[in-house]
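Two complexes, one shared chain (subunit A), two partners (subunit B, subunit C).
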Partner chain A sequence: MAMGVSRKDKIFFLSLIPPSITLLGILVVTVITILSNSLESLSLYGLSLIASSIWDPENLKYGLLAPILGSITTSTLAILTALVFSIPLTILIAEYSSGFVKNVLSSIVELMGGIPTIVYAIWASTYFASLLKQYVMDPLHAYFSIIPLFSCKPITGFSIFTAGVSIGVSIVPYVTSMILEAYQNIPQALREACLGIGCTKYESVKVLMSLAKPAVLASLILGFARSLGETTIAVATVGNSMYLSSCIFSPGITVSALIASQFANAYLYKYAESVLYASALFILFIAIVLSFVGLSMLIKWRVKVVV
Partner chain B sequence: MYAVELDNVNVYIEGKHILKNITLRVPYNTIYVIMGPSGSGKTTILRVINRLIELNPNAKIDGSVKVLGYDAFKIDPYDLRKHIGMVFQIPNPFPHMTIYDNVAIAARINRVARKREELDEIVRWALEKAMLWDEVKDRLRSYPHVLSGGQKQRLCLARALAMKPKILLLDEPTANIDPVNARKIEEAISALKEEITIIMVTHSPHQAARVADHVAMIYSGSIIEQGPVSQVFLNPKTDFTAKFLKGEV
Partner chain C sequence: MYDQRKIKDKLFFVFVLSVSIIAVTLMLHMIFVTLSNGIPVILRAGLGFFTSIPPTPLSKNIGGIAPALAGSFIMTLTSLPVSISLAFFSAVLTTEFPRNPLSIIIDVVAKSLASIPTIVVSMVIYLIVVVPMGKFSALAGVLALTIISLPYSYTYISTYLRSIPATYREAAYSIAMGRWRTIISVFVPIIRRGLLITVLMTSARILGETAAILFVTGRYRLGVSVSLLDPTDAVPLLIFDYMLTPYKNFQEISWAAASLLLLSYLIIFTTTKFLVKEVKL
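What follows is the complex of A and B.
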């Protein structure tokens, strides 16, 4: 502690400790719970738990490959979707608007970030899924069905593709705010360097965006980690099928959707609960690693460019 | 005809009168040095000439600015800046581009060169003119963070030259670097006036004496004296200039 603090300050400082310790404790307990509950299935099934895609609880056959690949695919689609919206939004807000308009635009982005995901989930399942089927999935299948990803005919809108794009829409505010912050943190001296060599506005934006590329990448990595955990939208749009398919237009499942939809009934089947815990462990592990990687990339970029 | 002509230029920022009735004429292929204490408005004059001043929405400008015979405020600012290179007080190379690309991008953007060989040639030319070539020729693929402050500033000079500008604005290019590098930049600048009209800002009278053809003395937003360098240095008309030249302010 700093020198010369009064008794009251000390008490105030001490009062800050319990909540912080408690929070840390909750985190540790959560990880330990998940870990210890997964041990049974991990030791029983070993690698086949993540390498197999057979899901047959009645016969005690558990393979998590479909949900794991589903999570990775939907999250990849999600960050691609977010990227398509976030870059233009960033440029629009940072370069082509000022004063009132800029405030309105940034507020809309922030507001979107505050919308509960259940709202996105309802919208995506009742409206967006069929829209995507009609205007994106059907045409892609019609013209590019040689590509395995597009090879199956979309039956309903509910699919890995729809889940990915819908989750992507929901993380646009999160990703945009990170990219925007990085972009606006580029020092004025470098903006002027662009203008100083005769860049047009478009050329300046290109140079500055390429400067911000590591930060954009980091934002996408963090967006990926967040998409992995997105549950409500996934359950509502992914189609909840345990069959593994190489085609993103078929219904599928994600780890989060699997846990949310199966956990209540898991006690009916032997080992099912432990398997679900193992899948959560998997997601937790990837999310922690990615968050760490993303955050350290952002910090490294800031040190290099902003200071 | 002058390369740059300012007539009764006034600049106000948030109501504060920053530049007062600035009138100056810069002949082609000369080095015109603006001297003055810090805060007197030197940078602002340069930023009026290439219209960077307009990045500040609170700045109001009146008067006439002619660049290469054109009314600077009647042509597109981006077109205007294609003819005017600028080196800033603090070196600002692009940290994410190699030394080569830092120079090449200026040539590419201004369509000075497109093909690989042309680019190679202009990059080399610019780095040679900036007296940096020998120090970086073996590490053109490195990033600018490996360079010293003075080398970075010469890289910025090379970048500005690669635009093939008609006019070069230098804002205290040696203020933040060591004397050896400063001398190199001065040498480079002196050799450049054959091809380019140079307007340089400095707070060092010694530097002005070494490189200038014409000098202007600015104090508190007004030009209080200007003329050929010998005239101003031998016969300063105002007390302030005399003191400034002796290093007393």
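What follows is the complex of A and C.
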């Protein structure tokens, strides 16, 4: 009987292998395809591919510095934006609301997390960009134009800054849900201990947030990885210019926006496709590494604090 | 001293509340303007919005988005069962044999798949499906959509499977049920609402995806295509193409399509909320 069961177990296990291996296959094929197709341009252009900024397919000149810096800057702005909104939202949901209000607030966050990014994109390009220009970019430029980041006058509202903040708004629900989960997983005893020695709510939140810090950091790393790959919002708000500037109010480009706008015609030019695959390799590599770092930080934190 | 702490506490609450209000206002503003820009256009276009092809740039009539609707519908319905079943088997593997090396690998793989930028998926499918076939196709779109939705449905299903208490498994084994029998006739019924939520949320994810199908479906807008092997269109692609054009009627169509997409998502989301509530009762 024991033998029979174990043989059945084996068949059960074996029957699950083919579908599961498909997942592994997809990942391997993706990485190999991107890698092998970028080799041509990587070996031809080498480091100059990431050290210069030029997109001139007719003369076979390519440099990806602007999109790479653009991706890094927009993603950084995105997680800063997400941080500014996510922490207060988390505290409001976890500490200051209960029952119906709490339910509504967390449902809104959950709802927004699933809205297709194309809806964020059309909203950001039509409304949010001009709102940002009027109430954030123009004032910042007026008062702080001495800082290089804010030194150029915002012209259309489409800029690196707009793209970063718009992507940031779109990842607020994602980051909030991760921070909220971590925050609520902190053992109740710690909060009670703090309240027991007469902490105000602000003081107890401060203590709990400092405990949740590694989880917050991990959520931001995961948010950064997600922002890097964001395409539709970037195309709609970044301004699509290969011009490299130290000012975040000028139009720029990101890797995914470059791919979205150039890939369809890339087959017409020699090496253009391969250069675009190389740029994809860049965001693919960073996104995979960062999500591993972020996820393992979350797991480590949970073992340390929660259990 | 005591007062200062109390003031700080109050100020902190005001800060938390006002930033949260800004965040929630932005989110609700987005929903509001999408619906208020789009729905009047749909009403003006009437049934034709669902049955006609898009207009030419400067024409007076609004036309419709029939090719995109048909494409989205066909691609979602084809990709959904593939995604769900692959995710289901993989989730069963990783929850039934959590310590097996293969399970650990598959779990990590599923998480890495989620981190692949969706536009990268589009480039890969372009090379391994579109180029060999020699043309764009709905099939290529289906494959891309399956890849981006797989990690999503996997996470849902494995979370639900893991939430089943061990006692159910023990009860099933004690009456000599096999492992597959246990899963089919004990586990699946227990998580049936969870599975329904998975199906709904995965289809919402597939319906709304833009970047993954950017280079593979071909954006065929001259008529409705029902063949998987021919080029087709999708609602998010149409919004993406039309919102950035200078033509007023294209922008209107784009808002209308966006509001339709948003409405279908809102319906799906509300349904899942309803299902969750039922589970608690």
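By definition in this document, the second predicted complex is superposed on the first by the 292 of 307 C-alpha atoms of A that agree within 3 Å, B and C clash if a C-alpha of one lies under 4 Å from a C-alpha of the other, contacts with A are read in each partner's own complex, and residues count from 1 in each chain.
In this section, a residue touches a chain if its C-beta (ideal position, glycine included) is under 8 Å from a C-beta of that chain, and two chains touch if they have at least 3 such contacts.
Fair warning: this is a prediction, and the values are worked out from it, not measured in the lab.
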Clash-or-fit label for the pair subunit B, subunit C on subunit A: fit
Partner chain in contact with A:K213 - subunit B first, subunit C second, else both or neither: first
Touching partner for A:V101 - first (subunit B), second (subunit C), both, neither: neither
From subunit A, separation angle of subunit B and subunit C (C-alpha centres, steps of 10 degrees): 100
Which of subunit B and subunit C A:W123 touches, first, second, both or neither: second
Partner chain(s) touched by A:L276 [first = subunit B, second = subunit C, both, neither]: second
Subunit B versus subunit C as contact partner of A:L92, first or second or both or neither: second
Partner chain in contact with A:E203 - subunit B first, subunit C second, else both or neither: both
Touched partner set for A:A236, first subunit B, second subunit C, both or neither: second
First, second, both or neither for A:A193, with subunit B first and subunit C second: first
First (subunit B), second (subunit C), both or neither touched by A:L60: neither
Least Cα gap, in Å, left between subunit B and subunit C after the two complexes are fitted on chain A: 7
Those residues of subunit A which subunit B touches in one complex and subunit C touches in the other: 200-201, 203
In the complex with subunit B, residue positions of subunit A that touch it: 98, 187, 189-193, 195-201, 203, 207, 210-211, 213, 304-305
Residue ranges of subunit C in contact with subunit A within the complex: 5-6, 8-9, 12-13, 15-17, 19-20, 22-24, 26-31, 33-34, 85-86, 89-90, 92-94, 96-97, 100, 102, 105-106, 109-121, 123-124, 126-128, 147, 150, 154, 178-180, 201, 204-205, 207-211, 214-215, 236, 239-240, 243-244, 254-255, 258, 261-262, 265-266, 269, 273
Contact footprint of subunit A on subunit B as seen in their complex: 50, 52, 55, 57, 78, 81-88, 90, 92-96, 105-106, 109-110, 145, 156, 159-160, 163
For the subunit A and subunit C complex, residues of the former touching the latter: 8-9, 12-13, 15-17, 19-20, 22-24, 26-27, 29-30, 33-34, 37, 84-85, 88-89, 91-92, 96, 105, 107-108, 110-112, 114-123, 125-128, 169, 172, 200-203, 205, 225-226, 228-232, 235-236, 256, 259-260, 263-264, 276-277, 280, 283-284, 287-288, 290-292, 295
